[in-house]
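Next come the structures, one after another.
Paired with chain B in one complex and with chain C in the other, chain A is shared by the two complexes that follow.
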Partner chain A sequence: MKEVQQVFRVLITLALALVIGGIIMQVSGKDALNAYSVLLQSALGNERAIADTLLKATPLIFTGLATMIAFKAGIFNVGVEGSLYLGAFAAAWVGFTFTELPALVIISLAFIVAGVVGGLWGAIPGYLKARLKVDEVVSTIMLNYVAISLTEYLVLGPFFVPGMSNAMSQEVALQAQLPRIVSRSQWNPSFFIALAVFFIVMFMMRRMTIGYEVRVLGSNPTFARWAGMPVRRIIVLVMFLSGFIGGLAGAGQVLGVHYRFVAGFSRGLGFDGIVVALLGRNTAVGVLLAALFFGALRSGGATMEMFTRIPRDLIDIVQALIIFFIAIDVGFGWLRRRFAPLTGGSETDLLAEGAGD
Partner chain B sequence: MPYLMMQDITKHYPGVAANTDVNFAVEKGEIHALVGENGAGKSTLMKILYGLEQPDSGRIMLDGKPVIIPNTYSAIRMGIGMVHQHFQLIPSLTVGENIALGYESRKGIFVDRTGIATRVRALSEQYGLQVDPNQRVAELSVGIRQRVEILKMLYRNAKLLILDEPSAVLTPQEVDKLFEVIRNLVHQGRTAIFITHKLHEVMAICQRATVLRRGKVMGTLEVVSTNPVEIARMMVGADIDTVQLTTTSRPGIRQLHLEQLVAEDDRGLKVLRNIELSVHSGEIVGLAGVEGNGQHELLEVLVGLRRPKSGQIYICDTLATNLNGRQRREDGLALIPEDRNQEGLSNDLSIWENLAITRYYTAPQSRGNVLRIGHLQQKARELMQRFDVRANSHNTRVGTLSGGNAQKVVIARELAETPRILIAAQPTRGLDIGAARFVHEQLVNLRDQGVGIFLISADLDELLAVCDRLIVLFEGRIAGRLTAAEATRETLGLLMAGRSTENEVTTS
Partner chain C sequence: MDILDVAVNVSASTLRLATPLLLVAMAGLLSYQVGLVNIALEGLMLIGAFTAVVMGVEAGSVWLGVILACLVCAIGGAFFALFVTDLRADLIVTGLAMNFLALGGTAYLLQILFGVQGSYTPANFESLPVLNIPGLSDLPILGKVLFRHSPLVYVSWIAIPVTAVFLYHTIPGIHIRAVGENPEAARTVGISVRKMQYLALILAGLLCGLAGAHLAVGDLALFRENMTDGRGFIGLAAVYFAAGRPRMAALACLLFGFFEALQFRMQTTSNIPTQFFQMLPYLMVVVMLVAISVRKEWKKG
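And then the complex of A and B:
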């Protein structure tokens, strides 16, 4: 019942976003139905299109899972973007430094170092929250800027490559570059690493003690404290794990797409993880599906722009509408209002909050 | 004809009788105290009056006319205003903006800022509530924020003000100032309902007091012809439906010992002063006291959530002052917390998940960081049977259980592995008689098995029914120590109201 309701809510959200996106197109004189059919074609129409969709979904799976873990624990981590940048740089560094290592070793090492660096970066605001009660929203947002600027400084300063006009690092060793699987698409094996992480996260959340701790902490932190859970340690650990996965996202982009660190390359992949986690209703399966959905929108949007006269900004509009409808919680609001008279539940207002004993 | 009459108000939630046939009348121009322990039904009654809840039955007469109050908006329109314990202010807005929010006077399509400021100034002068309308709320102290809340109600022309434990968050100086303000309001024709469980406050400013207990009105008293002892006795009850369960106790070794314990609350005020007490195995020691006399902070200190200023805690002869909650539990401490829904359970999780929390991290409940869910669920089913938890399955969400069943989940968890010392805080609050009886039997059984039990309660019947020894807490001090034989309602009531008979004699 609960699952059905969840799926229902997500579908309403998507439908409304797409319909209103369509209205916006129609009003601005474009053929919405045509646009969507081209979008669908170019996202799923052929092998290359599907490969591109999976390519675009890959970082979103990582960042969506990273965000989800923190959300589940009731920690509003907006700092996945920062972990992603530091992880990306760390992976690039491994890739262009240990050039003698065989392929499997250097790739594994790059991902692990990226994860650890991203994790430690995430653990900083985690520690500040656990020890000093620093609000994590503020600290993680601020640390994002630090991470973006720090990595830019690294490629312009200590790791400057003479002759390079843009802020980017050396290319990683040839054997560290993940191969392309389908011709004319950048789709690469980092997608399967994302899938593996998805299964690990699912196992962790359902079966491991940390998953249980996250559930308790997220559902009622007061209870967790009174029952003697090591709440501070859990907060730091969760933020480490969240940052770790964020770091992996960075490594996937570097080793699979760019083959080097490029300053400012992400343009919000970490933030997109928030939307993915919210649309996925904070469940691992939901995150996977939401990431694939956005992957399709993005890869389709790029092609759509070429074949119709509809700019890919439409995709941003649809994404913004989804955020909007998640924020006002459409599906649920309808249900509540419909059934309120039957169940006797009353609408509470702002003033109701403080009236409890 | 009283200004406000609430007649035969009944409101039941699943498993909880919050209000049963409550009759409550307030005269125009009086300060009327509504007293009772937490869970006695004060808040429910006031929520009904303020339109936040609808009664199952009963009616409300305001100014001689029957009224229906479907929501807070209509309550406000009828002149009813409520000052909540947790302020409903927006810190980033100014005082004036907060006061006028939703009821702005306008000039065309613009908010009439000067008009609002003028009106706020006029009101604050008229009632002696000095505030600067242009200051941001974030910059104000708690006492001033409360003034803003009161002004907000006056700005909305509230004639009947409900003040929900207004002194709970204030310093003593701020309380004096608040009382002055309330008196002033009443002199100028307004009426106030004053919710509290501090009896000296009732004596200080109220004309009458209505006492609630377990959802029922115990009586309405004229303050001039009563005293704190009588009110306290009414609050903690005098019904005879609880049966004497105490048999003979055989106290053994010391399981819990507090040594010269001093602690402060979040405001930095001393709330526990040189607490010295022991609980031995095979005895139930009751800590009696009207709520808010330091019990909550004592609990926090006992489970390791609040660091004492000085003094020591021993659990089973281990010095525990610097141990964390988990270590203390491993040493044999178990706890039934005061607030079941917040501190004792997670309503969104299943029964088995709520039962698992104390031991999930060790074998055989988990192995190598992987939970053995099958084992935990099996164990949950056994516990549900042993403690008679009525639910469909171990997967049932705790939030759907009745109060009594939810408390049984807490008890099942805490007693799953027999503790050495059990701290039970208000363990029967909000429970019906059957469920309360079950809890008392569990406590006595446990005592007879040799567990030391520290029962913190505000319910005299409960304390007299099960305790072997009684300690009375008043304003953070031990006001008296009694054996079960010496304890009577009268002596306990006196001590709980602050008539100390002994002065800090350590007997244990």
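And then the complex of A and C:
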């Protein structure tokens, strides 16, 4: 029953946002119904459209899962974007440095290195939170900007390619470039890696000790402390895992789409992950569905702009509306508890104290 | 070019570039002091920039554009406050939504209203006139550095002491800080937490409007998609770097403005990548956050 209710709530949220989006289009003198049907057509209408939807959904599955894992532990990791950038650069570096390796080895290596680099980047604010009670929201926001500038510095400085006019790295070795599956679409196997991560995360959260510990920490930090759980270590580990998946997202974009590191390429894929995790009600299956939904909106939005001359920025507006509705939704009690501005002494303090033994 | 010229130019552009940071940092300060992490500063600032240009053109007066930018952003601040107080929504999630809405909304309107993508430069529309302070602007060196700026540069200087005096020496300001310090205690002595949060966020919105207006019509007269480009977060960085102290926050903004001025300078004169200076403000905040926490631990013993 509870699940039905949850699904119902999400559907209402989506319907409301889409209706308001439609009203905005009508007020701007556009035909909203036509726009939505074009959007639907170009998101799901044919093989290529579906491939494009899956393509756009891929990084969102990664970043959504990354955000979700941290959320589960009661940690608001805004820093997936940063891990994604560093992971992307690391993957590109592997791709253009170890050019002699066979395809399977170089691709696996690129993903693993990207994950580790992204994970270590995520573990920094994790450690600061666990050890020094530094609020992770502020530190991860700031570290995102450090990561964006740092990777741009790397491609313009130490890894500068002479003759390149834009801030981008060398192309990765040919055998490291993930093949396209469908013609005229950039859809590539990184989608299946995202699916694999989805299953691993689901298994981890349900069947493994760490999953249990994370859930306890997130739902009842006081109990976690009293039960003698290594709260600090869990926080750092969760942030590492979150960053790891964020790094994989970056690797997927580099090896599957751009074939090189391009400075500033993400434009908020990490932040979209927060939206995906929220809309997915912080469950793995929900994240997957939400990522597919936003993937469809993004790929359909681009074509909609071409045919109906409605700016694709409308999708951003719809996305914003969805977040507003989520923000005031009663179903997100855990979020409210954590940041309750009215009640003072928040859960964060509890968590930090728990980390202090 | 002799070294003195360079120093004068860099100093003057430091002050110019620090202006939006100072204004948005004062907005961040008000939010910080009432106990709220306000990530919506970035979006509100963008809305301010957009409003200043569009309404300035519409009203036929750039000054009216600035005033309307403040008004619209103050309403935006109230909207934000409505979510975090009355609707009990999560602060960060709502802030995220505000930023998405600002980014998408301004880009959408740009295309719907003017049919342009990326940037909008209205014809026959001029930026705020440079205000040479009579008597002082002719001083050697100092005149050029300090007294030949766009009007909002001076406003940003005034905003610092005004914010400080408001927060520390007026009843509403002290109440705002009391709420930030300990909402329960504030409530016990009869302070309305809700009202103070509204007040702080509305004033913060107003300052964001000024900050955005300076970006759009201070020296230029145009709007670009995402023209705030993270400045709201740099302002927030200054506040956290200063742990909420107005004077320190202002100094941090000047320092960050100086980094930005150096970047522009180095872009034109050398091949050294300037990203190092771009990330310095953010890196400094993280270091400062660590330092503050360590000191707290120490005090506790």
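The rule is simple: the second predicted complex is superposed on the first by the 329 of 357 C-alpha atoms of A that agree within 3 Å, B and C clash if a C-alpha of one lies under 4 Å from a C-alpha of the other, contacts with A are read in each partner's own complex, and residues count from 1 in each chain.
The rule is short, and it goes like this: a residue touches a chain if its C-beta (ideal position, glycine included) is under 8 Å from a C-beta of that chain, and two chains touch if they have at least 3 such contacts.
Remember, it's a predicted structure, so these values are computed and weren't measured experimentally.
S.K.: Quick check on the superposed pair: does A:Ser165 touch chain B, chain C, both, or neither? Answer first, second, both or neither.
M.R.: neither
S.K.: Is A:Gly228 touching the first partner chain B, the second partner chain C, both, or neither of them?
M.R.: After superposition on chain A, A:Gly228 lies in contact with chain B alone.
S.K.: Looking at the overlay, what does A:Ser183 touch: chain B (first), chain C (second), both, or neither?
M.R.: In the superposition, A:Ser183 touches no partner, neither chain B nor chain C.
S.K.: Could you say whether A:Gly157 touches chain B, chain C, both of them, or neither, answering first, second, both or neither?
M.R.: second
S.K.: Could you figure out whether chain B or chain C reaches more residues of chain A?
M.R.: Between chain B and chain C, C touches the greater number of residues in chain A.
S.K.: Any idea which chain B residues touch chain A in the complex?
M.R.: Where chain B meets chain A, its residues are 38-39, 42-43, 46-47, 50, 52-54, 71-72, 82, 84-88, 164, 303-305, 324-326, 328-329, 335, 337, 342-349, 353, 356-358, 360-361, 366, 369-371, 373.
S.K.: Please give the residue numbers of chain C that touch chain A in the complex, ascending.
M.R.: 35-37, 39, 83-85, 87-94, 96-98, 100-101, 103-105, 107-108, 110-112, 117, 182-184, 193-194, 197, 230, 233, 236-237, 240, 273, 275-276, 278-279, 281-283, 285-286, 289-290, 293-294, 296-297
S.K.: List the residues on chain A that touch chain C in their complex, please.
M.R.: 24, 28-29, 76, 78, 128, 132-135, 137-139, 141-143, 145-146, 148-150, 152-153, 156-157, 271, 274-275, 278, 311, 313-317, 319-321, 323-324, 326-328, 332, 335-336, 338-345
S.K.: What part of chain A is in contact with chain B in the complex they form?
M.R.: 207-212, 215-216, 219-220, 222-230, 346-357
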